[in-house]
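Two complexes follow with subunit A in common, the first pairing it with subunit B and the second with subunit C.
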Partner chain A sequence: MEQFKKKNLIYQILPLVSVSALILSWIAFSLATGGIIFPGPASVVRRILKTFETPIAGMTIIGHTLISLKRVLTGLFISCVSGISIGILVGSNRYLKATLGSFLEIFRPIPPIAWIPIMIMWFGIGELPKILLIVLGSFFPVMLNTASGISLVNKINLDVGQIFGGSKISILKEIVLPTALPSIFSGIRTSVSCGWTVVLAAEMMGAQQGLGLLVMKGWGINDMALVLGAVIIIAFIGAMFSYLLKRAERLLMPWNR
Partner chain B sequence: MEIKGNDLEKLRLDHKKIENRNIFKFRILTVMTIIIFFGLWQFVADQGIVDSRTLPSPAKIYETFLAKLTKKAPDGNLLSANILASLQVSLFGFFSAVIIGVPLGLLMGWYKILDKTLTPIFEIIRPIPPIAWIPIVVVWMGVGLSAKVLIIFFSAFVPCVINSYTGIQLTNKTFINVSQTFGASNFTTFIKVGIPSSLPMVMTGIKIALGNSWSTLVAAEMLAASAGLGFMIQMGRQFARADVVVLGMVLIGVLGAILSFLFSSLEKYLLRWK
Partner chain C sequence: MEQIKTKKVEVRNLSKIFFQKNSSFEVVKDVSFDVYDGEFLVLLGPGRCGKTVLLNMLIGTETRTSGEIHINGAESGKPSPAMSMVFQKKALLPFKTVMENVELGLKFQKIEKEQRRKICQKYIDLVGLHGFENSYPHELSGGMQQRAGIARAYAVSPDILIMDEPFGALDAQTRYQMEEELLQIWEKERKTIIFVTNNIEEAVYLADRIILLSSCPAHVKAVFPIELPKPRDLFDPEFLRIREQIETQTDLSL
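Our next item is the complex of A and B:
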């Protein structure tokens, strides 16, 4: 028992030790390289605070963060609505699967980032091409997972629904969607991380605001503290997204674990 | 009404016949959809409904494809050189991620000490999108091969680790107990029970890693490169050659699909015991 307790204590301390080791090696590395190509935590924090006094491109860092968030959330909303509805159509109707499904399948292998240059040629660097790119990057996971989740529905359950006089809509709502929900949700999770990556890539290749712009701007003027600061904010928001989704998943599907 | 055995058999055969006919019908529909798509695209471009300088027709893209086989303009490389450069970068990054990531994930999932020390670090680094590494890596190492390989590595590393980690943690406890009851050491159990049972998840992780490494490649090359398909796209954009841009996109799509097909066949072969 005593030994068991000791072991548990070690397991609780170990994560703290390793995280502090990571931060210490960050500081050591920045000192060893002179602090310019890889600034330490203190100068990164100072750089971020400085953006509140001297805004970049007319905005504080919070403004840039909100712009990126607005873009990604708009794109994700469009993807989820269209992806789930098209997924339901393609997953439940074989004619639509052979036509609409295979039409969409033509575009799937092209990575969303490869669309960026042509989108800029077509639409410039405004909001529309960015939203479109996010939709391109996040639509397929939702659509495909919805379609495959729907095809998992047990035929017997559908028959029962019909025998008890359920209409098409109520069968969809009461039987099909609950069965497909876990699969749809894992599609949404993939979409969110894809969408977040794509919005950065789009902003890095041409934008007037956003976190991706901050990264590029810092890179361009050799201000690595700004680059690292933006990257840390990006990572933090990405982690928040996945945390919130996990919470939402538990709330929506308590039966699933 | 009484249904006899051979009636049932006949019903089953009829059903199968209808099903086969259906499969054929839907396959035709698929092919027709694709033909109509390309036909419409060609028509729209021919009729000048959209400007052919911004949306070139499929025929024009095919022409550009043939021309790029022998001409270096506009990006300064033959098409084959671009393709080889891209394959080299993405496969290098992919394989190093698999070689390091899979064993790491397996060990982290099996040994609690490693789990407690390495997982927090991994969780901190994981949410950084691979694209965000580009400036940092380029400032460190320039725009050479190793910088691009490192960026690809980051994108492929994460799914390798996560899936191996989860896969080995899902190992059936009964199997572990049986193996330990028969006197196997923890390490032997890890090798003989843990690893084989985690293989399907590991393979899925590797498949995701392959897709990631191919799609991140384009970003890495667009921002910093002197050859490769992503670089060709970027040059096409600078010279306002939409045909070169779309050709690059099509080739990336086709090569990506081929890579994932090859991997799926390999996966099916390796997991044939399932």
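Our next item is the complex of A and C:
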């Protein structure tokens, strides 16, 4: 019992150790290289705080973060709703898989960033093209994972549904969707990181606000502290996202633990 | 048996052939039998051939090549509330608790939560799972999972229960115990049961009547009414005699 507790404690401590090691080597590396091309944590924090006194493009770093966050969340929301619905259709119906599925398969391998010139040509540099790009980048993981999760359902479980008198809809709701849920969640997790990739790229290509703009600005004036500051905020939000997703998974799938 | 036996199920000339590219494979061949009201009928046959297909045709999840099935006098082709089933294994939904699994059928019938919980609780208690209502299947032993499967099948109060080798995956000790308990439930509820097994001892222990099926393709080889009073003693000379008599006629590769 005592041994068991010790072992569990180790798994709680190890993440702290690895993160501290990362920060320490960051400090060491920045000291060794003089701190200009690779500023240390202290100067990055200072740079972030400085944006509160002298805003960039009329906004503090919080404002830019919220703008990017809003774009990502809007795009992800559209991707999740459409991806899960289309994934269910494609995963449960052979005809739709053959038609809609193969149609979408043509678009799947195209890197979303490749659409940026077309999007800017068609829709300018406003909110719409950015959100469309995020949707393009994050739709496929959710859709494909939903479809494959749905085809994972055992025949015997479908038979159970039929034998106990379930209608198509209630079998979908009570048996098929819960089976696919873990797979849907792993699709959402992939989509979240795709969403961030795309929003950054889109903002770097042409935006007046957002974390991508900060990265571009920092790059343009050799302000690496600003670039790193934006990167760290993205990492932090990413960690928050995955924490929230884990909590939601536990809540929605209590049988997995 | 004084009362006139009413026929619950009539199976006539039932066959199933699976067709592949260039070959066909006959798994059920011209099977006919009747099942009477309240009867505990055992279909005894060698493993891996035809029995599950036969059951699936009975319950309506498998199409037939030819033949007729009448349930309560009416031709049957798809799953109906008159029948429910206990499966061989892994047929509990892993993401539902014992209670949620048991109430599935009643939920499909849109029975209100309070009422269906009450019905299900009765059957959960009957199979001895009181206190495990909120456990997930993976937290239960094989025997307990099968108990939940039995409760689920009883909860929809079917006329006929079909059981497909429900105790096949259990260890011997649990198996004996489950057989005994199943008989007690059967005495209490008096439902018609069609029970499939490849275990002769289990068949003789449980059955009012045994229908012996041949190996591939499955067809009826012999019918044995077992008149011994229940519960039966596995070492009773008469029990052993019947067991031996059936054994000499089976294609079981034991």
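The rule is short, and it goes like this: the second predicted complex is superposed on the first by the 224 of 257 C-alpha atoms of A that agree within 3 Å, B and C clash if a C-alpha of one lies under 4 Å from a C-alpha of the other, contacts with A are read in each partner's own complex, and residues count from 1 in each chain.
Rule of thumb we're sticking to: contacts are C-beta pairs under 8 Å (C-beta built on N, C-alpha and C of every residue); 3 or more make two chains touch, one makes a residue touch a chain.
Just so it is clear, the model here is predicted, and its values are computed rather than measured.
> Which term applies to subunit B and subunit C once both are placed on subunit A by superposition, clash or fit?
They clash.
> Looking at the overlay, does A:D159 come into contact with subunit B only (first), subunit C only (second), both, or neither?
second
> Which partner does A:L24 reach: the first (subunit B), the second (subunit C), both, or neither?
In the superposed model, A:L24 contacts neither subunit B nor subunit C.
> Applying the touch criterion given at the start, work out whether A:I234 contacts subunit B, subunit C, both or neither, answering first, second, both or neither.
The answer is first: A:I234 touches subunit B but not subunit C.
> Would you sort A:T197 into first (subunit B), second (subunit C), both or neither based on which partner it touches?
Touch status of A:T197: first partner only.
> Which partner chains sit in contact with A:A57 here, subunit B, subunit C, both or neither? Use first/second/both/neither.
After superposition on chain A, A:A57 lies in contact with neither partner.
> Determine, for the superposed model, which of the two partners subunit B and subunit C contacts more residues of subunit A.
Touched residues of subunit A are more numerous for B.
> Which stretch or stretches of subunit A touch subunit B in the complex?
11, 14-15, 17-19, 22, 37-38, 94-95, 97-99, 102-103, 106, 109-118, 120-122, 193, 196-197, 200-201, 204-205, 215-216, 218-219, 222, 224, 227-228, 230-231, 234-236, 238-239, 242
> In the complex, go through subunit C and note every residue touching subunit A.
For subunit C paired with subunit A, touching residues are 56, 59-61, 78-79, 81, 83-85, 87, 90-91, 93-97, 104-105, 107-109, 136, 138, 152, 156.
> Touching residues of subunit A toward subunit C in the complex: what are they?
Residues 154, 156-157, 159-167, 170, 174-175, 178-179, 181, 253-255.
> Under the touch definition given earlier, write down the residues of subunit B that touch subunit A in their complex.
Those residues of subunit B that touch subunit A are 22, 26-27, 29-30, 33-34, 37, 54-55, 112-113, 116-121, 123-124, 126-136, 138-140, 214-216, 218-219, 222-223, 230, 233-234, 236-237, 240, 242, 245-246, 248-250, 252-254, 256-257, 260.
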